[in-house]
């Protein structure tokens, strides 16, 4: 079965190679869609066969367990939606002259590389390989963020590269410290960074060195996940990137970075007790929620608004991880999946709005529901999911997270988080209503929606309805994943 | 340390006399080196002595409105410098004042002299006096901690802050001189000695433009014998500080704790040679440097403070296995 | 190579490494900062080379040579080319924190580094681990440099210094990490410099200069 393990990485890489040779055309973009779909399909097959076991491949550098399968499902789903929409999006950009053939080719090559890197990160057993994969995602997305070559895009790319590189460097230092501690706990130098080896030696890891390493990893991977204090790149990068890339970055990349933190947490909790990372995650999570909610109140740009909403959700996810119980982790994973699909819907829709109005100011966009039922309805659905309204999945996940926090004795954290989520809720409702409802302003341009974008949007809505109404077989997967992480309550 | 013998006391006395006698010669020598390298004839090595003699014969004028501070400051400066000359291990190691030959004592005495002159500058009530005093104290604030840290860095291998102990430890283990701690301490000490004695690039001792003065501005109102004393004292400070850095980093030739007459003479010759050499190098380097603008001086001194701090940490943490 | 020589060379290399970082904070001209970075790369390469010679480990010596070529030659050259030729570009504009305060903050960061790394030395008190505080201090100083500079290239130099410090830490406490991770780290550095150099070129064309204060469109 290690063939199935390779598919999520090899298929997108093959698509990238094809795109490098042939350039941007219908064939290569369709192959990319097929690659993303193959990630999803292999994840589903793996979940049938392997969800309760851990299997290794390729020199024990890679593993599949319930947690990595869950993340692969997220990557595959959002990846498919985004790559399908990319076809129409880039064709429209080429037609309107917003990008040239070189830009389109670069896009076509970098997006599948991005998918392959994320897949490698979640399939890695060796945290060194995980680090390399996450660093590769920064490399791949840097030029994607600057796709449009405007002044603002350049500024966003600079901030993104600088801040995320610093974060990745700090995460590397944390990894080195864990390696050092692992060597001194008796692991052999070849596999001292393997997760199973680290878990086995966890009780013998030196506590002080592990704490230092864990703190650095929290800061470093937190930077990639958009957590305070290295969060300042998020709004700029996600708002300047082309819409499908924003969907991928907001919907999946942040979660993949957080996944890295979860893996580290499972080792660190065994070595120094749950208190250290719990406190760290609570502080970081609440601060992220605070800053995101505050900045959401004063937003005038809808893409930045969506980016801050992602930041708010990552703060909530961090707080949930702090609780650490089985319920909390399972709820967290559901939240991540639902958030991924929701962000795809809203970012793809906003991409079309930006193409129509040539601006991302909220005040310029009115009456979308009246002007384009497709964009209006799907944007409304996406917002409804993000607001945590039933019957969609984020209602269930947020409820479960609250129960988990209460059950873990973190009532005050729950109170603070709920307050901030309400603030964010209000901001999103106000801006969403302004954009979607009511009569359109006279002279508003028509909103064109390429066919592939509509296909992606409709699929996304269907998926989120299904997910909301019945979590179904995924529930067991999430719960197995939670127990993999050592949640024991 | 061991009981002092009569010869050790003689060595100390000889130190003081030599510093008193040689200070103007040192200043004159530096000016002569500079003059020759700049292609001038120069006034000769003995010119400062002739200047002092001239000043001693002049009438003492005291500005109206000054107090005893103005009157006593030259004596305080000269006195503290003489005391330092007696304490430092320049010719021999075992001076009668050895128990007081502590790093902090020496730094305190240096600072006392600086403060006395600063107060005298303020006492005159003139604009230039006040300006010189404020500049001098700004520099002193950064210089004193640096001297303490730099010499402390050198004292860590020997585990004692007694200057004689530091010098003998360096003489016994010359290999320590190339450790990172010693090198950094040397650079830091060199910079602060230049700042403390008012040489280029911190202060130009031969400037006539009042707005560029630091040390000279404080003593603008002195005349006659008091001015002679002030000039002499600054010459002695330069001699003593050069002797300190010479013996901290090149301690060979110094007489031991229980010296014989021959050892004392050798020590005298050795320290004279070392000080003359250092003074010559300093004078030569001064030709190539321009004076720093005043607001850049704290940068330089903060940098030397940082180097001294790094010297302390380097000596402390890079402990060799022999420690 | 004797134990004493090994200790001495390692201490000198770590000391020179930290000194280069201090001088980068002190100096303001871009050309001298890039030159100091090259010197720091040499000091960095000395660490695996010394360890390789002392432990007769050929792999470490190869790694040391690669580090020397990459971080002391190739990357500073790339940065130097990006410095540009107009005299107005060469000098750093006033940094956000003036030099005196920067130097005093650097002193504080050095002491902090010594405090923070005590558990590492306690776990493994060997001569190479005792030099880790210097590498850690360079990491803290590099983050400070990145935060307090205005020119894009100074930030790039700060980032390179951060990577140098992390590489030094890795070499000192573990004699290197597994090869694949080292490869990833080097690619990261190469990428960062290429991207930053490219972006600086773009910036100069788009904004007419590389003063980061001009990047102020995205706010709020």
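For reference, chains read A, B and C in written order, and residue numbers begin at 1 within each chain.
Convention: a residue touches a chain if its C-beta (ideal position, glycine included) is under 8 Å from a C-beta of that chain, and two chains touch if they have at least 3 such contacts.
For clarity, every value in this text was computed on a predicted model and none was experimentally measured.
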item: Most central chain, Cα average position; value: C
item: Farthest chain relative to chain A (centres taken as mean CA coordinates); value: B
item: Inter-centroid spacing, chain C versus chain A (mean Cα positions, whole Å); value: 31
item: Centroid distance [mean C-alpha coordinates] between chain B and chain A, Å; value: 65
item: Geometric centre distance via CA averages, chain C-chain B, whole Å; value: 38
item: Chain B-touching residues of chain C, taken from the complex the two chains share; value: 3-4, 7-8, 11-12, 14-16, 18-19, 22, 26, 98-100, 103-104, 106-107, 110-111, 114, 127, 130-131, 133
item: Touch list for chain B against partner chain C, complex; value: 178-180, 183-184, 298-299, 302-303, 305-307, 309-310, 313-314, 317-321
item: In the complex, chain A residues that touch chain C; value: 126, 128-129, 131-132, 135-136, 139, 142-143, 149, 151-152, 154-159, 161-162, 165-166, 168-169, 172-173, 175-177, 179-181, 183-184, 189-190, 193, 206, 208-209, 212, 235-236, 239-240, 295, 298-300, 304
item: In the complex with chain A, residue positions of chain C that touch it; value: 116, 119-120, 122-124, 139, 143, 146, 152, 155, 159, 162-163, 166, 169-170, 173-174, 177-178, 180-181, 183-185, 187-188, 191-192, 195-196, 199, 202-203, 206-207, 212, 215, 217-218, 220
